[in-house]
Amino acid sequence: MCAFLKSLFEVHSPSGEEVNMKRFILNFVNANSDKWRVKPEIFHGEEFQDCLVLIFGKPEIAAFAHMDTTGFTVRYQDQLIPIGGPDVSGDESLTGSDDLGDIDCDLTINDEHQLHYQFGRAITSGTSLVYKSNFKEEQSYYCSPYLDNRIGIYNLLNIAEKLENGALVFSCWEEHGGGSVPFLVRFLYEKYEIKKMLVSDVTWVSDGVRMNDGVVISHRDKNIPRKSFINYITHLADVNNIPYQSEVEAYGSSDAREIQLSPYPIDWCFVGPPVENAHSNNEKISKKDLKSMILFYRILMDQLYLHNTGNNY
Amino acid sequence: MCAFLKSLFEVHSPSGEEVNMKRFILNFVNANSDKWRVKPEIFHGEEFQDCLVLIFGKPEIAAFAHMDTTGFTVRYQDQLIPIGGPDVSGDESLTGSDDLGDIDCDLTINDEHQLHYQFGRAITSGTSLVYKSNFKEEQSYYCSPYLDNRIGIYNLLNIAEKLENGALVFSCWEEHGGGSVPFLVRFLYEKYEIKKMLVSDVTWVSDGVRMNDGVVISHRDKNIPRKSFINYITHLADVNNIPYQSEVEAYGSSDAREIQLSPYPIDWCFVGPPVENAHSNNEKISKKDLKSMILFYRILMDQLYLHNTGNNY
Amino acid sequence: MCAFLKSLFEVHSPSGEEVNMKRFILNFVNANSDKWRVKPEIFHGEEFQDCLVLIFGKPEIAAFAHMDTTGFTVRYQDQLIPIGGPDVSGDESLTGSDDLGDIDCDLTINDEHQLHYQFGRAITSGTSLVYKSNFKEEQSYYCSPYLDNRIGIYNLLNIAEKLENGALVFSCWEEHGGGSVPFLVRFLYEKYEIKKMLVSDVTWVSDGVRMNDGVVISHRDKNIPRKSFINYITHLADVNNIPYQSEVEAYGSSDAREIQLSPYPIDWCFVGPPVENAHSNNEKISKKDLKSMILFYRILMDQLYLHNTGNNY
């Protein structure tokens, strides 16, 4: 598992360049799906830009994990502008490549809080850079850049093994304003009438959410879902003895924002583990919380399907 | 009427929990629609989340009233975070309920402008609270929390009685970022080809809009509608001798925002009375302005239908 | 050409009142399309609000030019509020008309940075005003208010002459929050399966983008397109020896924002010339950059069609 996680973390996929992560996941699915309980139908290509959708059986619920990460675009001279909202201190190492070859450079912040790179040559304008890979496993924790959202992807690839009915959805642009969830929701609703969606992503530690206290069920962030659905998800965690904690925030967002604003009547819930140092090059997650996430997603995908209640919870 | 208004004002329905208001309206419709000129077709349930749509005859125009109110979510400890943009001074009484029972507590604001509750016990995280009901009738005014938007609902329930052709739409999440208008517009356009929509909601008193000067026709707020449609609405107010005033603002928004941004070619206009102390627990409206609102909606729903101009005004 | 440009610049079409520009373009098309290689199918009217779409042959790529401009709405008394983001210094002349007749007034800015008009009489609330027309041709430059986006329109009307396959799209509300691109994209995708879109608009001079260095291909602004598509556009500029420059910005937006967020899997690229003094009444553009824009659009519309790659670039 650790080797797989490490390789997952080395994929270069800032918003706009998720194609690399799509290929990685596609390779994994092709290599492993013969052993899965149900072999999924795979959707990608022209109608999906760089997104990927796996359909198992008769899906009534979809789980979304975004494939993109924050990062930096080279502007002019040695200037960098952010992709999404990376949280930098000024001593980060960045990697990428342009037409002249591979890049391994340092990020600096000047007195006016502007970002620059230091490298032995000029980098082509428009090139994207990301935090250098730095995966570490401790006894109870994983540390790495971009746990957000390789953990969400990892969760979905784990539950794929035994999934009988459901859609696993790998989306783009979550860190930078969105743009793929609208057509993914349209596809899922128009083709399968899916009206329940889970967001497989990470959140942050706060004064109400702690490491090792279990997977987080979000009651709200900047977006407010339908309360009856959240209550039902929480009920399923209770009756299945899942270690979980409830999150209530005024800020923050996820793929759920575009699900909420889509022209379809979809209920959604964010379910994922907390990380420390979010959007830095040293995000940290508890193995225990990740375990309760995977356990809960297996149950949710089954029980939201089996006990189908329409959307009257 | 006053008893009905009072009961309307007591429904707990902050954004995300509009289901209570939906049930209230549904009960009213079921109890009264036998006496209406046309008995409407009722749409709600699985394809509508907590929204409600009434279809009368052959609709070519829809009027929207949002069912949700601003409010507060209990975060951790005694912290509150806002739902929408409530305007508080720090001496408000709030109500709600959690798994331990009914809640009647006080809101306080600390030195860092953070919101807290004072109550004899801890309230479950994720619980919603709203201003305590406080409806007052004066000779020429109504005062209450949440005139916004029970007045808009009241208007639609009034015009239902004699409506022959039209759609009355009760929406969710208007106070907190939206999320239901997109699928409601899709339903109205795909099923009925409705291309004209009115927003039945309240606006605020300003240096150009005064109490008792009549219903407000908005030329723009943060959103700019098609000017030809606004001119036509204003023309209908003129020829029908409706007391009205024109509003022109750079800020503010309504369900019209999501109508404007929908993937359908819809003309819209905000038509509603001004209130004082908007989003406080003491909103105030003139009976005279409310009367001109109801009068004008009856005419608009008829005449926009009878003199159907396509959308070339 | 200069007389045509001058008449194009005199059309009053702030956001919400694009109907005048639609009629101007429609007249031009009706007067000239007999001489074009392909006579386009024209879409406008009830299903398009004030927008206009020209369909040539079997379109697989669409080019968008917005018809609206920034401007000002008369609020109450002598107050003005902006339409979009005009950049004013306080000595601008404005024009418009209300029910009392034509208006030719002066804009002033008070000490609190609020905008007012000076005119011999009161102007009706809700009236729109725009910069007074002031087109100047220099040897190598054009100067005028509202090069943004009459240049984008001019470009599309130029390439119409020899266009065999493609959609030319004239949109509304780009300067003020959008609202037409969503239904235009829906039309183009649902009816023609168009999945590639170009934005024919102007950008600004910066420390990386200079006058006379050629048409600008934007790698990103506030929105980030799919990098593989941008690389392909850049490749076409290279192999066709188009004078061009690459832009990389953190801010700014265009019709592309709504293309990106639409519920369809569309690739897009902003391609247009830089202007100086953007959104002022004295925008300036290089004839050379405009020439390379028109040249490149002719090639793009052909070669994106001929070398159709699905959307795998």
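So that you can tell them apart, the chains are marked A, B and C in the order they are listed, and the count of residues begins at 1 in each.
The definition used in the following text is that contacts are C-beta pairs under 8 Å (C-beta built on N, C-alpha and C of every residue); 3 or more make two chains touch, one makes a residue touch a chain.
In this text the structure is predicted, and so the values were computed from the model without any measurement.
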Chain copies touching (chain A, chain C) - same or different residues, decided at half shared:
different
Angle (degrees, nearest 5) of the CA superposition of chain A onto chain B:
120
With centres defined as the mean C-alpha position, give me the chain A-chain C separation in Å.
36
Indicate the residues of chain C shared as contacts by at least two other chains.
262-263
Applying the document's contact rule, which stretches of chain A touch chain C when the two form their complex?
15-17, 19, 45-51, 73-77, 81-83, 125-126, 128, 173, 176-180, 182-183, 185-186, 258, 262-263
Using the touch definition up top, name the residues of chain B that touch chain C in the complex.
195, 206-208, 219-220, 222-228, 230, 246, 248-250, 260-265, 267, 310-312
